[in-house]
Amino acid sequence: MTEATPIVLPNMAARRVAGIARAIVRTALFALIIVWSAFPILYIVVSSFKQQKEIFKYPPDIIFTPTFEHYAALATKWTGFFPTMGNSLIVAVGATILACVASILSGFVYSRYANRFLAGSVLYLIAIRLLPPIVVTLPLFPVVDALKLSDTHLVLIILYATFWVSLCTMIMKTFIDKIPRTLDEAAVVDGATTMQTLVRVIMPLALQGIAACAIFVFVFAWNEYLFALIFTTQHAKTAPLIISEVMDAVSGTNWGVLFAGVTVQLLPVTLLVMLAQRFLIAGLTAGSVKG
Amino acid sequence: MVAINIDRFVKRYGSVEVVHDISFDIKEGEFLVLVGPSGCGKSTILRMVAGLEEISGGELRMQGTRVNELSPKERQVAMVFQDYALYPHMSVEQNIGFSLELARVPRTERQEQVKRVADILQIGHLLHRRPRELSGGQRQRVAIGRAMVRKPHLFLFDEPLSNLDAKLRAEMRGQIKRLHQSLKTTSMYVTHDQLEAMTLADRIICLLDGHIAQMGTPHDLFDRPANVFVAEFIGSPTMNIVPVTAGAAGGRPVLTLAGGGQVGLPAGMVLPALTNGGNVLAGIRPEHLSDTPTPGTTAHIEGVIEMLEPLGSDILVTMQAGGATLTARCTDKGQFQPGQPLTLHFDPARLHLFDSKTQMRLT
Amino acid sequence: MRRLNPAAILMLAPTHLLLFLVIALPSIYVFWLSLNESTYGSDLTFVGFNNYVTVLTSPYFWRAALNTLIVVNAVVYIELLIAIGMAALFLGGVRYPKIMFAIVLMPYAISEVVGVLVWKIMLNTGSGVLARTIEALGFGMFNWSVSPPLALSVVTLISIWHHLPFTFLLIYAGMLAIPKSLYEASRIDGASRWQEFWRITLPLTVPAILISLIFRFVFAFRLFSEVWLLTAGGPARLTEVLAVYLYQSGFKYGEFGTASATGWLMVLGSLGVASVYLWAMHRRMVSGND
Amino acid sequence: MLRKILATAVLLAATAGSVSAQEPRTLTIISHNVHKTAATGGDLATAQNIAGEWAERNNVTLNWVTLDIGPLHDRLLREMSLGETSVDLAAVLNTRIVPSVASLLEPLDPHMQANPIEDFDGIAEGLRNATVIDGKRVAVPYRHATNALHFNKTLLAERGVAVPATLNEMLAAARAATYTRDDGTRVYGLVTTLDTHVTALQFLSAFGAVYIDADLNVRANSPEMVAGLTELANLYKEGVLPSNVTALGLDELIATMREGRGVFAINPFSRYTALNDPAASLYPGQIDVMPFPTNEPGKASANTEFWSWAIPANSKQKDLAYDLIRELSGKDATVRAALNGNGPVRPAAYDDPRIIEKLPYAAAEAIGLRDASVAVPAFAGAVEATTIFIEEMQAAVLGLKTPEDAAAALQTRAEELVAKSK
């Protein structure tokens, strides 16, 4: 083997400059991301504390005396809002659990088993989601009514879970793919059943995927409007329906109340995201390439 | 000529210091092995040398130049990882040739180099496979090939054999040894297996809890262990270590065992300066105990056979002698029976004495 | 790889039962509907493929299809590029990860309708903060709503804004799952950050990219709120997309045959635009995974 | 753990399922929130709870389901297609009562013969007639929204423009009042929503233009229509109409007027309250309203949309529902609902002292309601007819088509549609 080239010291000053430049560019990019993501949201939140008259003022007031009148109105005039948020929570949590459980189970099978049927059914999983949901509701509405499921939490839980179970299955499959098969085998050797392997070995290692799925399903269920509109009236009515009533086509939108409602609605989701972030970042430990 | 200086290395994770002020040099072409139990800091030191871990304190010099701030590429090191770290989306050929590709080596030359390395490692027929289609041993060869294909200043091995079975491990060990003999590239090798360390190393550094326990050639460590830890860590089966009280009786040194038994040493033998009132640890390797006296085995100890472990031509004999348990490696001629009395002979020069408190060798 | 056994089939059951009962079965009925004429409370009248002929001969359908194709492709690919860039940026280390995460995911956390409305307010030609700022900077009046290309650009912008967190999350999670030792190996091999990204990060994120591409095509193809709330397809139906066309021609008039036929044509259309990726995903399934 | 999750999900599902059972003697009403407010007073301090009093007398629990216009009809129609629905009473918009929908509604004539509504003929005739489909009365008018001309008195005074009396004066005034403020804010002479047919047809009808008349004659290709469209296109070109007028919705119209960025606006009378709301408007009390003028002094032009109560034919409690309609449609109930903010469908209500005191625009609206006609008659193709109109009208306003071409295209396409519907 020929002799290695001697060690050459790079220009350290240039490198330091490059390092600083990199840090500046990165910080600038992060700042850009924050503005892009948060500005419209901030606009909503800030506006919810402004008086109706000030909301559309141009140039907008940066400094103003905050008012809580819209939040008060939300509690006193839109009495449906807070109870429907309870319904939203039940439905969103239920749908998240159902979708996650179903997709962990099927994602595991798609990852660990192989045959022609399975490979083909991946296409089916996706193709089935191509028909616009509004069209699917045409035949569903009378069926749901006949089953006496109309205006129940259950119907929304099932619908929301179903419309996300395809994607979640695919997500779980990719994450489980990255867990070495030797781990399953080790579990089997240790006497675990397939279900125990899944719950005790696979699930803890696929937390990232579960967290991503949970965020998707929860956020969708939390904000969904079309199905909620068609399948609920009173008992299972969700918060987005109230929000849409605030956006009133007869007497005009009550912007302050709308923004206040949206702000309140944003809180649980933000909390969930911050909670799920832990699992997302946790990451799979190194060494999984050997599988 | 010194190739690498490791000067007062310190590694801290937050407030936890895991490597404490360690210094050593590696000579040009030397094969240095860092050995020690898990958690001793050996991999951390290796990764600091590689440029994968920041050096919290101290300096790393290559050819006399400080390289702390340089990237692995600039340090011109090559590394074999414990889990191989093969790129799952690349073929064997691409995996091996990746560094050359990054260095913009022309395609034909690259293929030549990869081919040459693959032939040396006998993986020429696997070049178009993906890592997941390879066996453990084949992956290991690819990982070594990837490191070899470059002309690094320094080869780094991070427990490269620990995921292999015993037979493959022995085979690969031989291969690495041969490679080093033909390539003569300066190498730093991390392992927890003392046998690997003994067979491969020009020089061994034995680490404990982020400190150097002993540094030296395999013979140094085997023959003159600096402390009980090294004495027990190096060599298999493990050295017999027995607490004794050293004294003198009838003009010659005598070791008294805990159970009252006495071992007389030849008159004229000079014991090192004793501490703790003569309470010391005495050590002797099983292969230095023999059931038949030979010239030079001027001392002996008596006891009763407790257990036998045949190894084929040899046999491990465990004996109870006055409250101490000793293991001897003897030639097996079917002469032993558990419960029989036995006299073991040894050369007093093979006896190691350690301070019972500091565990350090008494010289 | 194991062969399917009864236990595995049982584990597939919840997912496939849900999909079959809630979507597949109704979809088949929708196909039957598309072969009939019907409205609220009326009986079905079989008309064969008449509804398809009606839709396919409608110039509004084709204009909507063209608009959809342009917007969907712009949205999906631009969004993917931004998401990959953002994920790579995050992969290089984030300060205050919890808060950054919450901020980045926020657009996705509010409902589509509200998101579109906020942008509509900010981009309002007369009083919107952004539109007025654009004008104040000397770019002229930002009167996007009467110009179909500008209006569709705004639709694209808002759709990307709203769904970027979805794509980002999938891709970032995919990147996080790449073993650290591969990066170390590549650094030893002498890869620069840029090479590391192209040769290690990106190829190993392909499965996540495929999934996000396919599902974004699926979602983007039925893009509705953005257009409906911004322009309602106007002016003069010039900015309609397929979902708006479906609503206009099917639901607004209660013509379920037309609506169902349009729905099934949209299935074919989205299969068309996503076919390359679907095929790639299928191949990965058949050949096993890396 | 998995089992626990599953068990929880099932439990959750079971509890959820059991909630759906309904109590007896509950009357479910599906409507827009404005109808609920009109009938119950909502949270107004001066609430007139007409429906509530009735419910108490009859020991009925009212279950109001309130939705926005589009969703309301979508949901109602789905409910009416079922074998049996839990919806007993519904508010429907006049354009939605097309024959196919009417066939799903309970004919009310037998109920009215058995149990007549007080002074039924006191309800405006145009509205009464528009709710009889194929010879059957299927709905009872309840709330009207008649278009008018709102104007900002302060801005007019500032620009030194007199309050107009005729259409031409109004057009001149709108042009004169259009200007750009120092801070770059544009003030538009005329603000209207051109994303819907109603306000555009209001403007055009002032020129005497009619799209489709009550006898389903298409009269779009008329000199009046061309004149009206030409005027709209000119106003747009001159910047008198907002530059984004074709995408301008109700919310933006309200905001524009409240902030003084519009001088005249075409919108229903009842918008007066919203535009002058001291909490939201920069010009509280300064935005007046008048019947939409024509060039014939004293004669107004007024397009109207109105809501009616109807009973789904598959409802289970038709008699009870009809009784509530009867209650809500009485003379006194109409006045009281108007005090809750409703647009009373009985012209006589405007003479009531309570209303004159409460509504500053009562007299003007009375004139409007007198001259009111429905924008587009209810027929099978009514909704599609409005879509066609919006398309051609927007094309003409933005200059994508000449007004002549647009009017001609409108004529041809609407004729085809009417022919198909017959």
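The chains carry the letters A, B, C and D, assigned in the order they are written, with residues numbered from 1 in each.
Convention: a residue touches a chain if its C-beta (ideal position, glycine included) is under 8 Å from a C-beta of that chain, and two chains touch if they have at least 3 such contacts.
Worth saying up front: this structure is predicted, and the values here are computed from it rather than measured.
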Smallest count of steps, each to a touching chain, taking subunit A to subunit C: 1
Central chain of the complex, centres being mean CA coordinates: A
Of C-D and A-D, whichever chain pair has more C-beta contact pairs: A-D
Farthest-lying chain, centroid of Cα atoms versus that of subunit A: B
Interchain centroid distance [CA atoms averaged], subunit C/subunit D, Å: 35
Whole-Å separation of chain centres (CA-atom averages), subunit A against subunit D: 38
Centre distance in Å when subunit A and subunit B are each reduced to the mean of their C-alpha atoms: 52
Centre-of-Cα separation between subunit C and subunit B, whole angstrom: 58
Subunit C, residues touching no fewer than two other chains: 127, 132, 179, 181-182, 251
Subunit B: positions in contact with at least two other chains: 83, 85-86, 88, 132
Contacts with 2+ other chains: residues of subunit A: 56, 58, 101, 198, 244, 247, 286-287, 289
Interchain pairs in contact, sorted by label: A-B, A-C, A-D, B-C, C-D
In the complex with subunit A, residue positions of subunit D that touch it: 1-2, 5-6, 8-9, 12-13, 16-17, 19-20, 28, 30, 32-34, 42-43, 63, 65-71, 74-75, 78, 81-82, 86, 145, 185, 250-251, 254-255, 258-259, 271, 274, 277, 279-282
Residue ranges of subunit A touching subunit D (in the complex, touch as defined): 51-53, 56-58, 76-77, 90, 93-94, 97-98, 101, 141-142, 145, 148-154, 157, 195, 198-199, 203, 229-230, 233-236, 241, 244-245, 247-253, 255
Residues of subunit B that touch subunit C when the two form their complex: 50-52, 71-73, 77-79, 81, 83, 85-89, 98-99, 102-103, 130, 132, 146-147, 150, 156
Touching residues (chain side subunit A, partner subunit C) in the complex: 26, 29-30, 33-34, 36-38, 40-41, 43-44, 56, 58-60, 101-103, 105-106, 108-123, 125-136, 138-140, 143, 158-159, 161-163, 165-167, 169-171, 174-175, 177-178, 194, 198, 208-209, 212, 215-216, 219, 222-223, 225, 240, 243-244, 247, 258, 262, 265-266, 269-270, 273-274, 277-278, 280-281, 283-284, 286-289
Contact set on subunit D toward subunit C in their complex: 74, 77-78, 80-81, 100-101, 103-104, 184-186, 188, 195, 242-244, 246-247, 252, 255-256, 259, 261, 381, 383-384, 387, 390-392, 394-395, 398, 400
